[in-house]
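Two complexes are shown next, each including subunit A; its partner changes from subunit B in the first to subunit C in the second.
Coming up: the complex of A and B.
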């Protein structure tokens, strides 16, 4: 464990050093992170006002709370591993990582966490500014506030696990862009990024409940909004944990099979 | 003593897609895919002892890199027996990976955007190198490879040669017992090549490490390896001493004669390789060398005469030419 910590520390130091080299890229990332939830927020508040105050069970202030929290949760849970898969596996960048006596997933975990922590320093102030501008309304019970944190942590682990596994499909197919696009659309709608899931038609809600995406993003947000009953929260945690178990098993299996057929092209 | 590297009948089959050219073939390819099996490595066998340095030769596409990737555990073999330091490489056990290294020109252990020293430190953590050993290795390498000014610059600002030196340094920081080097001197100037050669040789001697090196520069092979393994089309053509390679594949010697009275026609003594300004190079069968030499000396006014083995490049070219048929 001591060795693992030493590796993580060294990796985190290098990741941050690399990130800080590219100031402009960092700024563009930041803008992107804030911009898309901001657009949805503006659209839905406008719709709410036009409809006389509410859309479904959401008022303009509820939308503000939903999208500001969503911005933070999405930031904490998102990964770029699928996007990187093509370069890594098809073009052989995985080879140097495979030569090291430590699983390549370690580097990704550390990179992910250190980048997130770095960016939180911008996201949190942005959330404060948006809160002043839009007046979000939250009314969670104390238990929901407490439940939010494990839900957020599990959501991040689940999303990382699922996306790492999806990225491994690149061992078999050469063009990941199409798959990446499809995955992105699923996440966009079924994780609650476009709109709260309760505003979708019943079949979509059912799909969102059964598939893993909702549990990666919307679930912790809804908990903190105070919109989940203790009963539903229990079911939510159970589904999340079940998907996590499936995800971890799939990751192990895909990794093992993928390596067998890795051809280390170009490297 | 068990060999450090043990290879028997090693094979790697790639399934590659094949398709006729043209749009119609492309459309047909949507429904039916043609593919073909290609044996990149086709049943090679050899051993490498601890501390031994072996040159791994073959033309482009011979299967050298594929073999190195199997030996280092990146690729799963399609068949055959393979063991490195007693491990099955494709299982990629931690204890195995800690004792080997693979240096490839195109792929890097170094992070591009930060100084090499940062990557050194990461590897020290990954390989659990003690602070004392780390200091000693970095000092040693800094001195031998002249890294002083390089390791504090971002890697992307280094020249190819400078980067290669750092690449080798980071790859052996954990003091591997087996080194797989794929073209370690490619694209480097002569001084740099010499420096890297000297370093590899010194490292192997000091730590008793086995080295399997591929190179297109015969100077690398001559300087580092007394033994060579030659493969072509995935098959083993030769395994033995570099000098035996010349004997087996080039049964000729070169006689260089400087004549006192300028050019003369020497074609009756042997095959003329070149002739200018009173200097003639003759290729003669090895068994004839003594006889031809004495005839030359008695028949002509010779100022100087030397008998040489043909350059190793020529020998290798012959090996490949024979292997191709």
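Coming up: the complex of A and C.
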């Protein structure tokens, strides 16, 4: 364990040094992360005003709270492993990672966490500015605030697991662009990034409940908004854990099968 | 005339190179369709709850989506790939091969690279736009059509000049390729009319990153809500940016030392 921590620390130092080199990329990431929730916040606020107050159970102030929290939760849970995947495998960039004495997933985990912490310093001020501009309103019970943190942690772990597994498909498909995009669209709609899930028609809501995407992003957000009853929260955690178990099993299996397929230079 | 022939030659060479990779076409078509589906679904969710978004009706927003794909397609077809290649050339020192050619260097670097499969986006945008036009409650007469064409032309010039200015920056900042990505990230906000955005954001999307002139203003033209003042503004801005980008290019080029100099 001590050795593992030392490895993680070294990797984190390395990642931060690399990231700080490309400060403009950080700005671009920030624009991307802030812009999408901001756009949908504006759209839904406009709809709320046009309807004279509420859309479904959301007022303009509820939308503000929803999308600002969504921005933070999305930032904490998102990964870029799928976008790097086909490059990594097609170009053989995975080969040197395989030579290391630890599983390549270690490097990705640390890279992900350290980048998140770094970017949080930009996201939180953005959230403050948006809060001043849009006046969010949230009224969670104390238990929901406490439940939010494990929900957020599990959501991040689930999203990382699922996306790492999806990225492994590039062992079999060398051009991932279309697949990436399909996955991205599913996340966009079913994790609640376009609109709160309750504003979608019933079949979409059902799909969102059954598939893992809602539990990666929308669930912690709704929890902190105070919109989840204790009963539903329990079910939510159960679904989350179930998907996490499935995801971890799939990850192990895909990794083992994929590695046998791998035929890049140096493999 | 020479320039038209050159344009055609670049287009042909790029096409010949790309036609080798036919699977890319299917991939691109698939991606474009997913993009279209996403856009339509987004509109669907919003208009399930209202029939009017900040004064825009569903078919009018469909027109915006059409223009969004059309202009985005043109950017990705020729502007972005050419600019990217130019920036790469500055970094690697291969720009000298362009500068030694006996034709205008700005023209050459602007049209050198064509990704023909992005034509799918242009086509799709046109179809969406045409569908939206047939669904509009008023008929599109000569005035609207001319207004749309003029606004679209102005928008295209503005976007091109904007890209050109950003790309020219790489004479000073060698790794500026990320700057182009900023535009594309912000362009996404253009699928909604910029009139719905609050003050500072609308200002940014109009003047700092001219998404408004690229998408919203032409769509205003076709939906018959374009005022003469806005069109004039677009025309003036297009002219100023075009002249400005040309000046900036000449200025940057005079500072450029090249790889072999």
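Criterion: the second predicted complex is superposed on the first by the 264 of 267 C-alpha atoms of A that agree within 3 Å, B and C clash if a C-alpha of one lies under 4 Å from a C-alpha of the other, contacts with A are read in each partner's own complex, and residues count from 1 in each chain.
In this section, a contact is a pair of C-beta atoms (placed from the backbone, for glycine too) under 8 Å apart; a residue touches a chain by one contact, two chains touch by 3 or more.
Because the structure is predicted, anything quoted here is derived from the model rather than measured.
Partners subunit B and subunit C fit side by side in the overlay (superposition on subunit A).
Once the two complexes are overlaid on the shared chain, A:177 sits against subunit C while remaining clear of subunit B. With chain A as the common frame, subunit A serves as the apex of an angle whose CA-centre rays point to subunit B and subunit C; its value is 80 degrees, to a multiple of 10.
Touch criterion not met for A:132: it reaches neither subunit B nor subunit C. Applying the stated contact rule after C-alpha superposition, one finds that A:121 touches neither subunit B nor subunit C.
Once chain A of one complex is fitted onto chain A of the other, the partner contacts of A:95 are limited to subunit B, with no touch recorded for subunit C.
Look at A:3: by the touch rule set out above, it reaches subunit B but stays clear of subunit C.
Looking at the shared chain after the overlay, A:18 reaches subunit B, while subunit C stays out of its contact range. With the two structures overlaid on their shared chain A, subunit B and subunit C come no closer than 8 Å at the level of C-alpha atoms.
Taken together, the two complexes place residues 22 of subunit A in contact with subunit B and also with subunit C.
Taken together, the subunit C residues at the contact with subunit A in this complex read 23, 27, 30-31, 34-35, 37-38, 41-42, 45-46, 48-50, 52-54, 175-176, 178-179, 181-182, 185-186, 188-189, 192, 196-198, 201.
In the complex of the two chains, the subunit A residues touching subunit B come out as 3, 6-7, 9-11, 13-14, 17-18, 21-22, 92-93, 95-96, 98-102, 259-264, 266-267.
Residues 14, 69, 72-76, 92, 94-95, 97-98, 100-102, 104, 106-109, 111, 113-114, 118-119, 121-128, 154 of subunit B touch subunit A in their complex.
Within the complex formed with subunit C, the residues of subunit A that make contact are 22, 24-25, 27-28, 31-32, 35-36, 38-39, 42-44, 46-47, 50-51, 55-56, 133, 175, 177-178, 181-182, 185, 188-189, 194-195, 199-201.
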